[in-house]
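Next come two complexes built around chain A: one with chain B, the other with chain C.
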Partner chain A sequence: MDLLYDTLFNGLAIGSVLVLAALGLAVVFGLMGVINMAHGELMMLGAYTTYVVQNLFKNGPLEGLFPIYILVAIPLAFLVSGLAGLLLEKTVIRRLYGRPLETLLATWGVSLILQQFVRSVSSAFVVGLVVAVALGLVAPRLWPSSWAQRRWTPLLAVATWLFSGLIGIILASGLGGIRVLDQPWFSARNLDVTAPLWLRGSVDFGGVNMPTARLFIVALTAIALVAVHCFLQKSVWGIRIRAVTQNRSMSDCLGIPTETVDALTFLVGSGLAGVAGVAVTLLGSVGPNLGGNYIVDCFMVVVLGGVGKLLGTVVAALGIGVLSYVIGSGSLLLLWPAMPAGLNELITFFATTSMAKVLVFALIVLFLQFRPAGLFPQKGRLVEA
Partner chain B sequence: MAKFRTWLPWLLLVAAALVLPAILPPFRLNLLGRFLSLGIVALGIDLIWGFTGMLSLGQGIFFALGGYAIGMHLQLLSLAPGELPEFFGLYGVKQLPAFWQPFQSFVFTGLCIWVLPALVAGVLGYLVFRNRIKGVYFSILTQAALLVFFNFFNGQQKLINGTNGLKTDTARIFGELVGSDAMQRNLFWLTVVLVMAAWLLCRWLTRGRFGDALIAIRDDEPRLRFTGYNPTAYKTLVFAIAGAMAGVSGALYTVQSGIVSPQYMAVPFSIEMVIWVAVGGRGTLIGAVLGAVLINYAKSLVSEQLPETWLFIQGGLFLLVVTALPDGLVGWWRQGGPRHIQAMVGWPPLAPTYPGLDLDPAAQAERQAFSSDVPPGGAP
Partner chain C sequence: MTTPPQGEANRLLSVRGLNVYYGESHILRNVDLSIAPGQMACLIGLNGVGKTTLLKSIIGLVPQRSGCIELAGSDCGGLAPHRRARAGIGYVPQGREIIPQLSVRENLLLGLEALPGGMGRHRHIDPLVFELFPVLEKFLARRGGDLSGGQQQQLAIARALLGKPRLLLLDEPTEGIQPSVVLDIQRAVSRIIRETGISVLLVEHHASFVRQSDCYYAMQKGGIVASGATADLSSEMIQRFLSV
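For the complex of A and B:
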């Protein structure tokens, strides 16, 4: 019996990371019909934020507060990832409205850039980047106003950005000669985040051994869920978001600022990815490829859970998490030792993490044959877009 | 004259295929052959994405299946009877797994390279399209399927050597080492021929009523359904065809790069394939091949010089092509892109008011005659 609880608890812990990671994705997808391939990289930004915060608290004046650094990291990670998401929305996704497949490709491009960014970011790199962006933004204001509507104005804009990019690259490689500035901040290797002591122990709960880190993740997920639920159901902006999710053009007609709603939703969704990033640091090390490990699972949660209901996301994520863990760890064998030989062999065949994914995916495709719109489809007549 | 103009590109192509092996060093020729074979998978993606509007992020499945088929055949080919491929010894496998047996036959392998991926694509596609799952959902499902195949091939050491993949360059076809320069040159020619064949097939498919149906699915699927067509059949068929092309491409790529491994099914590689088509120009067949060759050449050049910048460039390409060049390079060219640039820098080309009329030589001559007949000032 203990074993059963143990299995369920571990499955639940894995599932709740998935809930946290997929929550933001599902909200954004429900609202804008956009799949954000860079969602995993926004998680990664959250994880790196945690790493930086941890380093700040390790030494120096804040050393005494080390046990609670993670509580500081959570809002900071929300902010960092959220702002990165907001920037992404304002610069790229807004231009591609109504072209979901193109958005998918564009966000994939962003994810590649972010991955390489954390690998090669150094002080020199940042100086070059800031100078290039500042130059590109400021230069057009220095042109005479009569240049604004010439035939060649688009070319001028392109040339300006190319030129400022070149200046930035030259500056970065020049400064790269200085040893201190050339040092990469994170580099490509995986970094370990040390959890505070109280998250490294475990609680004995009726004979079941529960690591506190996993309990913390479950609690964090629960809090995030309640917060998102309250935000969507009770706050004014939550009502607006739900209205736009249900019918964009009607909401627009009724005076809801849909663009602001989009931006806000993207900020919240990306921020949640950041919070998920904090949770992930408790489970393993932090690396540039962190996002890729979670992203496809998150997509499956969105597909399985259906759009527009938080409950769908939660049930789908927990279902996938528990099922993958139960199959992958082979604990069915331990629970039921006197299994027939054929079934036994089958279960052993799938009892690795990667083979469990194979089976879970097959089950999902099978499920979609009966419920193509997921667990909790939106009610009402569907308009085929 | 018109006939000559239609044949000219083909003549140039044949000339290039004959001359290039003589002037390029073997390494570069091998690279070109590899990239050209990637052009075939790009053509398949162009069929399903550019013409039918279904973005598949899982073409790597079919690509790798084709690669594995030829890889298994080549593993078995160079063995004495009763011998097992070397890697089986590492995992204590004493007997050849049953599904390896038929790959001893060349004919079976030759069929398997394209029939197997087409079957897998057909079944997968049918299950998805039957439920009218499309758009982003389809993309995500293909990506998940890709990950599943990747995990499966990666984890099964005892069946197909897992992560390490199968090496092909030490095997012999017709007594010739696959990795040898002469063999690679022949494979290059084979690739050129097959790329042309694939291009012709795609052109034939997209020119006729079938192509019209594909474009109709892309532009308005419900309307096509209400007109009495069954989009599911068309989509399944075209997805299977694209799968078969991916399989052929994977087989060619495998024999030219000397190894097939689960990395061919990695998630990023399949998305890369899409960007080749996007950069070249989706909806234009030649664009797909051009895009595959150009981007891969750029990738190998940049990776040789500055490896850490390639991801930035690739990410930037994704952004650029989606926001600024939605029709790709070929589409941009065909829609008069160069003339736009020319206009921007200050020499706008003269635009005919009525192109159909103004550019017609007969109409020109008539106008000439007319204007010389009637003096300015008009009739009395």
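For the complex of A and C:
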């Protein structure tokens, strides 16, 4: 019996990480229909934010507060990833609504840029970037107003941005000669985040050993779920978001500022990815490729659950988590010792993490053949409206 | 009964020289139209002459190529639909466009978005809408998408009314609805105009509903070809412009 509980708890813990990782995507992809391939990288930003906060609390005046640094990292990661998502929405995605293939390609490009950004970022790089962006934004305001409607105005805007970029590159290269400014902040290697002492132990529940880090993730997931549910169902902005995602043009005609709603939805979805990033630092090291490990799983969870249904996301994530663990850990063989020989060999073949993933994904693909709309499809007379 | 107003000062809505294109197709051709405060105007014409496009361009869903749309003397031609809604234009589209997964109550609350501060400041649903459409109060918790066509139409009108518009655009509100509900809707629209004093621009194919309006504009091939007091609308004209 203990083995069953142990298996279920571990499956639940894996599923909780998936729920948390996929929750933001359920908002961005499920509600807005935006295929954001950079979702994993927004998680990565949340993980790096946790690393930075941990370093701030490791030494110096905040050292005494180290045990609670993770509680500070959660809202900060939400903010950092949320703002990065907001920037992404305002600069790239806003121009690509209703064009899923272009969105997929563009956000994949952004994911590569973000990965390279954390590998290369240094003080000199940041100074160059800030100067280039500031120059690009300020320069057009200095033009005479008579230039605003000329035929060559768009060309001038492009030239201004190219010139601003060049200035930024020259500045960053110049500052790169100063060793302290050229030092990469993170580099390409993986970094370890040290969990506070209270998250490093385990709790014994009737003979079942539960690591506190995993319990913390389960609790964080539950809180995030309740918060998202209340936000979407009870708040004014939640009603606006649900209205815009179901019927954009009619919502606009009713007086809802749809562009603001889009931006807020993306901020919330991206912020949730940041919170998921905090959670995954408790399970492993932080690196530029961290997001790539989760993105396919996240999309699988949202599609399996039924696009646009939060409950579906939860059930699908927990189902995938438990199934992956039960198959991958070989627990099934221990739970059912008298298994027929043929089945025993088959289960043994899939009893590794990677092979279990192959089997689970194959089962999902098979399932979607029969229920293409997922576990909880949208219902109602006007679903297509 | 009144004729279309002529004086500039007496116009709530004024459309002048409006041209609208879908791609390279010229849909609305130099449309001129005006509505006085408290007046009910009816747009009539065969299917495909541009009535719905005209309503969509007034609310801002379809961009105009040229011309002018003024609400109470202010040019609103360059405004986004949500700004026009806040300026006082209520819109009940063809096909209702209820938000299907939201409850009836949430759909009604969306109507308050056109008021200053939107739902954030206003959470009170005016009892008038329940007097006009009692069925909505009964089904407040039901999903909008689960209502019948007639109930959805009532919900769409109630939702538009809650934004306290100065001008209500009604696009075929009785289309595909059972006769008893059609009468309810006609009575409700008459009462709305009488009690709230708002103006209505109606697109309609039911002759009895058209007869309730003060004035008419007849459309053909994207342009206004006739207008005047509805009382002067002859049977021949009705036959010509209201046949589907």
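We adopt the following convention: the second predicted complex is superposed on the first by the 380 of 385 C-alpha atoms of A that agree within 3 Å, B and C clash if a C-alpha of one lies under 4 Å from a C-alpha of the other, contacts with A are read in each partner's own complex, and residues count from 1 in each chain.
Convention: contacts are C-beta pairs under 8 Å (C-beta built on N, C-alpha and C of every residue); 3 or more make two chains touch, one makes a residue touch a chain.
Owing to the predicted nature of the structure, the values given are computational and were not obtained by experimental measurement.
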item: Combined model on chain A: chain C and chain B, fit or clash; value: fit
item: First, second, both or neither for A:254, with chain B first and chain C second; value: second
item: Three-chain overlay, vertex chain A: chain B-chain C angle, C-alpha, nearest 10 degrees; value: 90
item: Partner chain in contact with A:115 - chain B first, chain C second, else both or neither; value: first
item: A:300 touches, of chain B and chain C: first, second, both or neither?; value: first
item: Which superposed partner A:180 touches (first chain B, second chain C, both, neither); value: neither
item: Chain A: partner with more touched residues, chain B or chain C; value: B
item: Partner chain in contact with A:369 - chain B first, chain C second, else both or neither; value: first
item: Touching partner for A:246 - first (chain B), second (chain C), both, neither; value: second
item: Partner chain(s) touched by A:142 [first = chain B, second = chain C, both, neither]; value: neither
item: After fitting on chain A: smallest Cα gap, chain B-chain C, Å; value: 16
item: Those residues of chain A which chain B touches in one complex and chain C touches in the other; value: 385
item: In the complex, chain B residues that touch chain A; value: 49, 53, 55, 127-128, 130-133, 135-137, 139-141, 143-145, 147-148, 151-152, 154-155, 221-222, 267-268, 271, 274-275, 278, 308, 311-312, 314-319, 321-323, 326, 341, 343-346, 348
item: Residues on chain C engaged by chain A in the complex (per definition of touch); value: 59-61, 80-82, 85-86, 91, 93, 97-102, 106, 109-111, 113-115, 118-120, 143-147, 152, 159-160, 163
item: Chain A - residues contacting chain B, complex; value: 29, 33-35, 92, 95-96, 100-106, 108-113, 115-116, 119-120, 151-152, 154-155, 292, 296, 299-300, 302-303, 352, 354-355, 357-358, 361-362, 364-365, 368-369, 372, 384-385
item: Interfacial residue positions of chain A with respect to chain C in the complex; value: 236, 239-240, 242-243, 246-247, 249-258, 378, 380-383, 385
